[in-house]
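Scroll down for the structure; my scribbles are underneath it.
In order of appearance the chains are A, B, C, D and E, and numbering begins at 1 in each one.
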Amino acid sequence: MNVLEVRDLRVEFPTHRGVLTALDNVSLSIRPGEILGVVGESGAGKSMTGLAVQGLLEPPGRIASGSVTLNGRRIDTLSDREMTRIRGREIGAIFQDPLTSLNPLFTVGAQLVETIRQHLPMSASAARARAVELLAEVGIPAPSERVDHYPHQFSGGMRQRVVIALALAARPSLIIADEPTTALDVSIQAQITALLRRLCAEHGSAVMLVTHDMGVIAETADRVAVMYAGRLIEIGEVAQVTRDPQHPYTQGLMGSIPALGARVPRLEQIDGSMPRLNAIPPGCAFNPRCPQAGPRCRRERPELFTAGAEKAACWLLEGGTA
Amino acid sequence: MKPIQAGLLATAALMTAVSAQAETLRWGSARDIYSLDPYSYGDSYTIAFMNHVYEALVRYDENLEIEGALATEWETVSPSVWRFHLREGVKFQDGAEFTADDVIASLTRVSDPASPLKGNLPAYKSATKVDDYTVDIELTGPYPLLLNDLTNILIFDAGWLKDNNAEKPSDAAAGVENYATNNANGTGPFSVESRTPDAKTVLVRNDGWWDEPRHNIDRIEFTPITSAPTRVAALLSGEINFTEEAPVQDLERLAAAPGVTLMETPSLRTIMFGFNRKPKLEDGRDNPFNDLRVRQAFDVAIDRDLLAKRVFRGKSRASGSMVAPEIPGYAEALDAYPAADPEKARALLAEAGHEGLEFSLVCTNDAYVNDEELCRAVVSMLSRAGFNPTLDSAPQALQTPKRAGGKADVYIIGWATLPMMDAYSLLQQIIHTKSEIWGVFNWGEWSYPEIDKLIEQASTEMDRDKRLALETEALQMAKDELVMLPLYQQPMAWAMSEEVESVMQKPDNKARHWLTRLAE
Amino acid sequence: MSADIKDRAAAPALKVRGLCKSFDVSAPWLNRVIERRERQILRAVDDIDFDVPRGGCLSLVGESGCGKSTVARIVTGLHRPERGEMRFAPGKSGQPMTAQMIFQDPYASLNARWKVFDVIAEPLRELKLRSGKQAIRDRVNELLEVVGLSPADGAKYPHEFSGGQRQRISIARALASEPEFLVCDEPTSALDVSVQAQILNLMRSLQDELGLTYLFISHDLSVVRHMSDRIAVMYLGRIVEEAPTEVLFARTRHPYTQLLLDTIPDVRNPHRDRPLRGGEVPSPLNPPSGCSFHPRCPFADDRCKQEKPGLISCDDGAVVACHRVEESGGIPAGEAVNA
Amino acid sequence: MLVFILKRLVNAVFVMMAVAFLAFAIFQVAGDPVEMLANEQMSQVDRDALRDRMGLNDPMPVQFMRFVGNAMQGDFGMSYRNNQDVIGLIAERFPATMELVLVATLISLVVGIPLGILTAIGRGRWYAEGLQFLSIIGVSLPSFVVGIMLILVFSVILGWSPSFGRGEVVDFGWWSTGLLTPSGRAALVLPAISLSLYQITLIMRLVRAEMLEVLRTDFIKFARARGIPRHRIWFRHALRNCLMPVVTMTAMNVGALIAFALITETVFQWPGMGMLFIQAVTFLDFPVMAAYLVIISFIFVVLNTMVDISYAIIDPRLRSAR
Amino acid sequence: MSRQYQTPAMTPAADARTPSQETGRRVKWRESEIYRSFRRRPATVAASVLLLFLVVTAFLSPLYVPQNPYDPAQLDLLNAEIPPIWQADGQWPFILGTDSQGRDVLSAILYGSRVSIVIGIAAVALSLVVGITFGLLAGFYGGVIDTLLMRLGDVLLSIPTILVAILVSSLVRQALPASLRDVGAAGVLVLAIVLSSWVQYARTVRAQASVEREKEYVLAARVLHVPGRRIMLGHILPNTLTPIFVAATLNFGMAILTEATLSFLGIGMPPGQPSLGTLIRLGNDYLFSGSWWIVVFPVMQLSLLVVTVNMIGDWLRDALNPKLR
């Protein structure tokens, strides 16, 4: 059974100009212990997917249709009170900026103990012991001392480790990590992604890794879901997608990443930019930028077609052929 | 509960209990007294209030006739020397015996060069002790109004003054507080229990008073409430049960309120306008007010009847006289005033060549009843009669330097001839040319030698009828010259609740609560 | 190609020698006196040399706080160098070239209250490069087209554009002053990948068309590799390795450069289970003694802790500051130790 | 930390010197105190003697230093109007004003904070919008109008409370309190409400703004993602983070409130420092005006300095930063 | 305390707010966020309409009111205390009745509003000029200028606003010659309000300017060697105006209130040229006398004026605050 099963998820934001569709029929699933990368440019809806799963959409955003199932239980219909019991307990979260994710007025220990005791029946002293343990586990030196320090006394990388400890505090089966390395220095990023990978393997937690960085995905995730303008356009094994992307957008994306290995005179580029949510063209959202777009692409929206080991939403792949 | 707290609560309970049981007069006034020291300012309100605590040698009775107080008898030893026989067995509130030394110490104190009350005893030269209960007061010359003056000279205890280093009147410049400013020790019907300036002054019955008390008051709580509507609200809600300053505009409502009694009458205080009469005005123009026609135009521009009707709701007495009818020296002929006639005023102004005359009217807004309202109304009347006045309205404290310094073109002044209760007061202080003891309030600096002559004659004329005839003549001359422009006798309205049975109201507008009876 | 680069390097567009810049970040005087603290000097740029080849591109690479942006600001005149020499070669006009700059944040680099037209016209007006309304208008329109926008876009405000378009406007503004030398401070790090490719391509083609010289600042080795002829790697205010691009990637000598290469995720060649290199970037306020990289260096020994390594030149054009490399006569540090 | 305190103190002294100079300047600008003191009959010789006695012929700096020296010993001279030692006059009224201000502050906190929370967490709901609208009216109604209306309704029409003054007071040494007698407490109600009304709206709006701000921070979102229940987030995390500015503003505003109380005191005939000051202003009683100015500013500066310092003590981030 | 919390990545709603690109300026205003948020709040619309009405009626009042309440020659005691027109004794043309001097209450209120509004506008405008100038200089140049200006501000802020205003207006008025006192009263009031309110603007501008100074668009201008003065006025100033605009709106309400308070205390506008505060002070004496209209209408006008201004200010603050979008 999948840890997470998202079916035809549609998220809408009613505005004075009409309803914006932030997520449009997104379906994906994560198996136990699996790391699913969700990748896309800013505004593609990748973070929104994570928030929708956690029930943390900012009003007036709302799930308009579709379903979210966690460990076989449907959670998108739960009340906020019920979701509170799931968040932290069954879904851990890691946010982008470790500088702002922690309440500056509480020690990291207090925040850990609060989270642990919220979800697990534990005495205060046991929770504290567990907090120290967690800090040790995420690689913070001298954890029994550091547990009483305030967030501002930690460096960025260390703070992100604390955030990971908080996410793991109640041993959730799913962790949603939203750009966990973007705010960090290059040489620290690798430490954090590796830590995340190792801990999830040890804990058996599945991870939804939301990032804009294909490189991080390639190095960390097992499978990858590519999003564009609120839609899922390609999903598959990481190696497959990076090596042999099926959707023209993914192809362009891969081509536009400068290579470390060899130098090309000119990068492949996708002209234009991703449409704003209030101006998504009919048919395939990518059609105005797509070099291979045909008339059908401008009219009808393609569904996900299977192409080998992956699926991609492109008419070119209809019937499993490119 | 801790013992200290318990004690405090008990004290509090006790205090409220006392104030609930005692017969208390809760007196809401429009202003506070300045000091407990009656000699600290030449302020008659303070003196009148302190008269409940201190007494003078003589006092006015219910008919405003002079009777003995701390003196029992007096006679003139020579035209300029008066002998006073003092009442025996009178004790100050601290227990000290009242003797001739106290009178001499008090007279010395009040006539000190720094004393602001010096002018209230103009003819005083010296005092000598004849024996413990006899004092001679020597004057600068024959002077008929000494007794009138003495009603206002309150007597201190010599020993108390000496012990507390208060033998001289207070002097703000010296930067030292005068003991008498915050403490009092008189012979009067009440003694001071406590005082918080601007908040509350509490007097309690003096059981050792020499006189037979006609009041039944145990306690007077004197509270200044400067805001008129608040004062009315306080009376209506029963927080005070007496005020001698019921706002004119609220009288109708107060009269209709259940349990409120009003006592209204025109007072002795005459409100007048004075003119700058120096050769030049403050801004350097030739002074138009030296032209009688301009003053006459001013006179006929003002509709006194309308002022009385509207600004004072019929409670004031429109007047052409500078003194009230009750004041010796008054004559009916003085009281005539012209009917308002803006056209005539215009014509007079035009004749004098001063159409559209610009000038400043310096007016108080806290000294007299509805003074600001009055001035605004007058400004509008004058404007319609071809004048072009600018109203400068501010508290008395700010306006007096301007008025006294000759910076005002036209100014308001009120005069009640108190404490003298004689037209001579007005003639001497206002009408006479400014010099030495004369014309202290001759702010416009006019000079009419013929009138001066009459005033000086009156000052030494010991025959009352002759003196009053002289005074009336002087007043008539002053009126003909429009030296001052009298408008009306201002109204006074006292209001009290049912808790007050009776009070003695006299046109001098002084509360005499040793004659007040509260409902039992 | 390498001969070409050497020719250009013979007459560099910008020659920098012994450049130093420090900032006084000490606590206020009173604090120092009472708390007996010392003056704190941040040595942002510590004695660096480099040449920017005319018509070429030199890149400065390093993590945040390494001083690369300070260098950019010194070169553009925003900071005054504390010590050292900085000489621009004469440009087409015979006067020394002046540097223009392209900034990192496309949202902060344009005045939101100004129309795009005015943003681009500002240099024309300030430097009096064109006079007359029509001439300015024509030039602005021309510049808009050069960067791939339309003249109609001049009437809009910056907020109406996407990040990539704004960066194009920035480039147009920089070009308006007709510079021969451009300092690009992380021009694409705020952009999405597909847009980054557009901007990088645009910059490359502009370089070719207009003969521009670039000083390119970035933390991203792959972008740098794509753009530059030479690369200088900075660490805590110093250049630790400088080499022609291909040389740097082929023979990475300095352990820090190696660390960067190892940790950068590579889509095409993911090294998934690489060993974790620990450690944090030390505070530039209090740099380690000797070689400032020694606490994180797997090859460090006592000499590295005590002695600051000098720059040594290798025969393939690389310059490295590393005792290991020096000791082994130019062999990369990793290989030298392993050998 | 020590340095910080020292700095604040130096700053406070500097400000006080400047204020003292202003107060001193009042005398200089306002004209000749001799003219105010002398009565009409005083001769020129006497005037000159008086001038000399008061030290008015000394050079300005000497006079200023003497003013400061005297002021530090609590000597501001004698009131022209009351012939009393100014500092004694003010001390007599100090308890009345302080009691009024403190009770008003208490009311404003007790009412303002819950209302602020309510409007923040119910943003968009009818009751929150309603309260918000009321608060605009609250800041818009002039204090004297509020006072007059309260008297009209509660004293005159309903007769529930006294319309002026302080009621019975009990003395403790130099402090007099109206809190221990029924009439004192009754007299306090209307003025305190009138004075606190503006403060309530200020606190309410501040709490609302701070709450809204804090509620949108990452650490609050992260706390939600950790499964911390809403009420705990509101009252523990958010409230605690926004209490600091509220407490700061309240403490700092005590000074402003003391000054502002003069309007309330005028309307309610409350025998406090403000009424003394207003009367001094109409009588041009310069020693009282100067002393009041210096004392109010002193209270103001002391409060500000204390708030600044305690701020540094409380906030963990500021603690180590300094 | 500096707040460093960043707002998270754009939500789609925020993204959608930027106006569409193909239209002209006027249409843009109609589609702008400000305009929309304005239209969404009927209370704000109502307040604006009401405020506009109050301001226009006040300023045009000389054209249509039955009397000039500042001209004493037009006042007649015979008309004193006439109740409003709808009461039994009401008389045309005194729609809202007359006061104790026969002054038409409606005329007095409208003229009084004009005085209050003019004083409010003048005070805010002058505070803006002083505050922005000082704030820009301090924020852009820093150093000694900054320290001096901000310390000066500290001192002024250490004296409560109302106290500064009272001191200034009582002392300065005293120093004026009698003939100028009435004419100068408005000026003195403006001065009194400005003295304590410019600091707020200066601090806001300074804070904003020292942030903007480091922004890249300013650096870009500096790379071009644009002179400091032009950078300040052309680049930094426009970008500091939004918070200033909000503060100015709210302070306009405050200025009107301060003026009213001073006048109520008797140290503001004189009774001959009353502002709303003076009218309330004068009318207050008639609170219990039955002539309620003398005080009630000025109170209503003042409250309406300030409430509408504050409602607009409050809305502006929310609408222009990027954090609250």
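Please note the rule applied: contacts are C-beta pairs under 8 Å (C-beta built on N, C-alpha and C of every residue); 3 or more make two chains touch, one makes a residue touch a chain.
Since the model is a prediction, treat every value here as computed from it, not as a measurement.
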Result of counting contacting C-beta pairs for A-D and D-E, higher pair: D-E
Taking each chain's C-alpha mean as its centre, the one farthest from chain A: B
Centre distance in Å when chain B and chain E are each reduced to the mean of their C-alpha atoms: 46
Gap in Å, rounded to a whole number, between the CA centres of chain B and chain A: 90
Cα-centroid distance, chain A relative to chain E, in whole angstrom: 50
Centroid distance [mean C-alpha coordinates] between chain C and chain B, Å: 90
Residues within chain D bordering two or more other chains: 148, 152, 156, 217-218, 221, 266, 282, 284, 315
Per-residue overlap in chain A, given as positions that touch at least 2 other chains: 42, 97, 100
Sequence positions of chain E contacting 2 or more other chains: 5-6, 8, 174, 266, 284, 287-288
Sites on chain C touched by chain A in the complex: 63-64, 162, 164-165, 192-198, 200-201, 204, 219-223, 225-226, 245-246, 249, 259-272, 274, 276-278, 280-281
Of all residues in chain A, those that touch chain D in their complex: 54, 56, 80-81, 84-89, 91, 93, 95, 97, 100-106, 114-115, 118-119, 150, 152-153, 163, 166-167, 169-170, 176
Contact footprint of chain C on chain A as seen in their complex: 41-42, 155, 157-158, 185-191, 193-195, 212-220, 238, 242, 252-261, 263-271, 273-274
Chain E partner contacts - residues on chain D that touch it in the complex: 11, 14-16, 18-19, 22, 26, 29-31, 132-133, 136-137, 139-145, 148, 152, 156, 212-213, 216-218, 221, 244-245, 255-256, 258-260, 262-263, 266, 277-278, 281-282, 284, 289, 292-293, 296-297, 300-301, 304, 311, 315, 318
Chain E residues touching chain B - in the complex, by the definition given at the top: 71-78, 80-81, 100-102, 174, 178-179, 181-182, 266, 270-272, 284-291
